[in-house]
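There are structures below to look over.
In the two complexes below, subunit A is the common chain; its partner is subunit B in one and subunit C in the other.
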Partner chain A sequence: MSGTAGRRLALVVLQNAPLIAFVVVLVIFASLSDRFLTLGNFTNIVTQSSHIAIMAIGITFVLLTAGIDLSVGAVMYVGVAILALYLGDLPVVVSFPLVALIGLALGAVNGFFVVQMRGLHPFIITLAMLFILRGAALWMTDTRMVFVAEPIMSLGRTSYLGVPWAIWMFAAVFALAWIVLRETPFGRQVYAVGQDPVAAGKAGINVPLVLFAVYCICGLCAALGGLVSIAQVAAASSTFGFQKEFPVIAAAVLGGTSLFGGRGGVIGTVFGAILIQTVENGLVMTNANLHHRW
Partner chain B sequence: MRKIEPRVSRRSFTVGALLAAGTAGLPIMVKAQEGKTVALLFDSLVSPFWVSGIEIMRAEAAERGWETLEAISDFDDNRQFEQVRAMIEREVDGILIIQTDANAVIPAIRAANEAGIPMVHFNRPPAESDAYSVAIQADNRKIMQDTVQFLVDEAKAMGGTYKACILIGDLGDVNAIQRRDGFFDIVDQHPDLIEVVARVSTEWNADKAFAGLTNALQANPDINFLVTSSDFLHPQIEQALKIAGKWHPRGEEGHVLFGGFDGDEGAYQRLIDGYLDACGVQNLFLEVDMAFGAFEDLWAGKQVDKLLLDPGFVITAANLEEVRDQMWGYIVWQQQQ
Partner chain C sequence: MAAEILRLDGLSKSFFGVEVLHAVSFALHRGEILGLVGENGSGKSTTMNILGGIHQADAGSITLDGRPYRPTGPRDAQEAGLAFIHQELNLFENLSIEENIFISGFPRRLGRLPLIDRGRIGQRTRELLDMVDVRYPPATPVGKLSQGERQLVEIAKALSQDARIILLDEPTTSLTRRETEKLFTIMERLRAQGIALIYISHILGDVLRVCDTIQVLRDGHLVGGGPRDEMPIDTLISLMVGRKIENLFPPRDTEPTTVPALEVEGITQSGVVRDVSFTLHEGEVLGVAGLMGAGRSELARILFGLDPFEAGRIAVGDTTLTEVSPEACMRHGMAFLTEDRRGEGLMMEATIADNTALPSLRAYARSLTGWIARSRLEDDVAEVSRRVQINTTDYRGMLVKNLSGGNQQKVVIGKWLLRQPKVFILDEPTRGIDVGAKFEVYKIVNQLVAEGTAVLFISSEMEELIGMCDRILVMSHGEITGIHERHEFDSERILETAMLKNLADVA
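Entry: the complex of A and B
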């Protein structure tokens, strides 16, 4: 093999590293468990990935503008705490949109400060929000476990056309996000701001408005992720959403979204979220002993 | 001007004062432990066990005339160490601590030792060290052995073979390790009856417990023997079993033999509903009593063993009415009713 061909091959491998890792993971777990590569298990993996994927789709918008949002886990906890403590008696069709609006509003707070305090990196602003919101949620819940009403738990067990509710929710968010990013002027503006905000501004794009909007979307998706998660797990302890920002950001980055902005997309993000859950699923499917007994 | 003679001479005042102090000292000695201030340092109130624990402690402290200062570290070892330092600065008389990590708490014990303030660990002992403190702990391994033994006896009585799944707690928590070991102590003796097909690592996290159990049920739809290392995971277990179509009470076909640990109000409800077969109960009342008794002994200068064990007990449908008064979850359940 010539040097040029070798370099090309290396480049192809590097560009497709997540896909190759995914295939390797599939092959390993499929060889260890005959129930791993089944439709039922795939549905299971996607269901469990749903809340991470929804949140990761939200953060993808932020990452595309070269920003970051560390408060997503705290936003999901605040939303669910309010749902369990104050909105429990309302029907789901009312309480869920209210929680989504709360997420949107919290994202707007992030966006406001990111736009107004341009000298301060979003890392600092959203880190501060993480602590403020987690503190607020712990104060509201008195650090105790909170339970959601039975209709919400039933929703978590519901399937339409054989597909779990969580996957429908995830699919809707994904489809909307994909259309927004690929088919609308706003989507192209997000990429442009991420590539070069100065040039984007000179081209007539309202950069502050785009930045504000992506944090709103991220907050909204964090709240939606929280709703999908709580409908599955039925109760939220003080660890709910704790350090969720790590798998969420990891899913987006694994899927090819650049931390420096301007590159990536929601298809890769979804793939990243599923890859993470596939590993966790495979470890249980193969009965891996995570606590080795010495 | 008339000279006023003192009615009490210096000599008689001194004698009188000494006598008065001696007389007053009798009740003071008796009541020496009233007016004590004890710090209650929790790492969270994440489960009903801890919520009930702190409430029992408050009530018990009030009954003894003690004041309590409370702080929660939210699973942050560094924050808890700062809380210990703050309590030492406030010159509390004793520190009751529930640490997250058995090793990370050792500097805090040393700090309390240096300040001469007794430290009692509630429910979780620290790692081995030369620092002195007293730990109150449930006999996790024995309680779990007894719980699983009951399930094994039930399994034998019903016949057939069993596929088992265990939800394991956090690796840094010695309680989780001991409960896991208690589980395997018994099931390993019955390889022909029980095959352990899934060990779910929960890290005491409800999300992980739900996802892990769902994965386990996907891999092994015939799981019919389930043990959780803590009752606070019951809502997630119920949800996962309902999704898998395996949530049936005793006597119904498809019932999963289900064992719990802690003894909370949810466990009591599920016992009477027939979904839970056995629950290893930590005697929370006894543990609080032992912890506060340890403080009193330490203040009195007595030597106290470094580890005091709560033997706990197993509650089942068969002995429910007999032992439920000792089950803290039953008291909470009664209040909720």
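Entry: the complex of A and C
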């Protein structure tokens, strides 16, 4: 009797793990620092997490099909490098969509190989893309730091209705992704393909097309994440986007999206991204000692 | 009789030169339930696959509504109004009922917006679920439904695609009796609406209960058929098996001993096997017969410690096993050849030598360092591989995945022979291997029992059991329903014992 009750409790805890972890983190840091639980700090956390969140939303699509994309950080860097080097003179309304398109195109390359090379795991394909794209960006920039022009920098400081531009961007991507995954045939097919690609094929779903599309979306979101990030920091060194795949995948998985496909969604991903940033922020706020040893 | 909807005319099909279907012809009418019966490998699945467009017939034709029907893929079949419901369902547990039903083509808002028209699919799903008597909100995740309910959702899905012919392949194997009855009620309701159904099942009682006409396949030939009333169960059984056993089996010149090698007493695991007891002697081949789902493989897995059991006793030789795990069973001299050769029996990407050595590695570890005595191991691997006559000598280079099915099976046998087992459980040892390789497997079995090994031989092929075994145990619904001695072997009687419980259900 108590066994089943205990098991049910464990299930409830497990299903709401991201939320519970979030609350626990909030309580711990709020008790350690009185500056932590303020609206200003919270806006700060969300703003700082928005580029990770946008990229994590993109990778959620890929994870839902039981795939993976390790090239997100490299796509981010390539997009920003091209923006700074070649598109700096264009107005933002032209240059940003162009960078987004570049991200989409790089995602399409991933998707093409994932679909064409069935025997090769996306892990290998996108790992290769990571090295190729980082190499390309380093070559383009001569490994030097690149800077973006004034209009983009001021965009990073812009707010609308008191909410920073980055958060608006984040909210828009999230809302669109949520609708696509829940309310469009494509979104439901993503879940079906992730659950059982063979059955999905038998049900008449164009499985290769769905797989191709999720990598395009992931590439697009990676480029958007790069834009949001560069508008905040204004300069990109040779380590821009380096190892970003870790927090991005971690955000999605923390949010409950399965690495084996078919389970999860973007709401959890958003929580995951904010949770990661909250921990980082909290550690700074409480002056955690980096070199502390137990 | 109602109008004819589907006609098969002289369908033939061969795979790699082996004819699996020979000039099969029958007709299906509107509002008819047609039962298709036959032993494993009689050609039922091939017939289904041709109708479903997965295979193309080599000869013969199919007519649908008076027009020629030549499907080249599942899509063609679906568009022609044929729906297939397989033993393994094609549903997505992570999606809701309504999403599963409409996954192939969602209706959209305002006709063209890329948004799912939730209102409409909910409404339509409710109507469809009503037709199959499933009372769940359309947004319920399929993962929450029982097997029987999922089966009915599959039927609702077929109806949503305006299927006029529904083919059910062993749909009741994972259903409870009550769920099965409900399925039959729904099938009868669909029949009344003019839908035609083809029902494939091993459970003859069910076939007689629900079908209007019955067709019997044997070895790819249609050997009989007619209205249900003209096909009593004994006629069906003799049509299904009635084959003379030729000289397919090597002669054996040793007799079983009376020394017990494996004693099994009262093994019970609820829902799987009940009160199973038998004794296997040294030098004996004990067959296990039964229909699919009778619990034969499940019993084998329990005996080898792969699955748990609630009650009972297992003794090897004169020691009762206190702990039943694969390690313990192997230590006591048991070996187990699984029915799933590719999935469980072999490492497909590894070499013959690596596969053969795997269960014996510990025996070849040097006592001082624990390192493997390579040359001794390789000599023994080569010797055992020669003994089972694998058709290559490149044991260290050849990957198992590049071998034929028969040679793969010999690798599995070889790897256990290396351990010199006292009790060898063989689960479907000749499944999917050609006649020549079968004969060689039989010879190895005879050799083994001549050396005193006890063999438990599970098979779905009756003549194989009759040809090879000293005694045959028959299982039905997880219980032993009979033991037949060699002098009284009779495939009809064995099949009757195997269906005992199914017959009881009809009465």
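As a working rule, the second predicted complex is superposed on the first by the 289 of 294 C-alpha atoms of A that agree within 3 Å, B and C clash if a C-alpha of one lies under 4 Å from a C-alpha of the other, contacts with A are read in each partner's own complex, and residues count from 1 in each chain.
Convention: contacts are C-beta pairs under 8 Å (C-beta built on N, C-alpha and C of every residue); 3 or more make two chains touch, one makes a residue touch a chain.
Model, not experiment: these values are computed from the prediction.
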item: Superposed partners subunit B and subunit C on subunit A - clash or fit; value: fit
item: Partner chain(s) touched by A:195 [first = subunit B, second = subunit C, both, neither]; value: second
item: Contacts of A:205 with subunit B and subunit C, given as first, second, both or neither; value: second
item: First, second, both or neither for A:232, with subunit B first and subunit C second; value: first
item: Subunit B versus subunit C as contact partner of A:145, first or second or both or neither; value: first
item: Touching partner for A:156 - first (subunit B), second (subunit C), both, neither; value: first
item: Superposed model, subunit A: greater residue contact from subunit B or subunit C; value: B
item: Touching partner for A:185 - first (subunit B), second (subunit C), both, neither; value: second
item: Angular separation of subunit B and subunit C about subunit A, which is computed from CA centres of the superposed model and rounded to the nearest 10 °; value: 130
item: Closest approach of subunit C to subunit B (Cα atoms, Å); value: 32
item: Subunit B and subunit C footprints on subunit A, overlapping residues; value: none
item: List of subunit B residues in touch with subunit A within their complex; value: 44-48, 51, 72, 74-75, 168, 171, 177, 180-181, 184, 196-201, 204-207, 210-212, 214-216, 218-220, 232, 235-236, 238-239, 242-243
item: Parts of subunit C lying in touch with subunit A, wherever the complex brings them together; value: 74-75, 78, 90-95, 99, 103-106, 108, 114-116, 118
item: Contacting residues of subunit A [partner subunit C, same complex]; value: 179, 183-186, 188-189, 191-192, 194-196, 199-200, 202-205, 262-263
item: Residue numbers on subunit A that touch subunit B, as the complex places them; value: 33, 35-36, 40-41, 44, 47-48, 138, 142-145, 147, 153, 156-157, 229, 232-240, 242, 277, 280-281, 284-285, 287, 289-291, 293
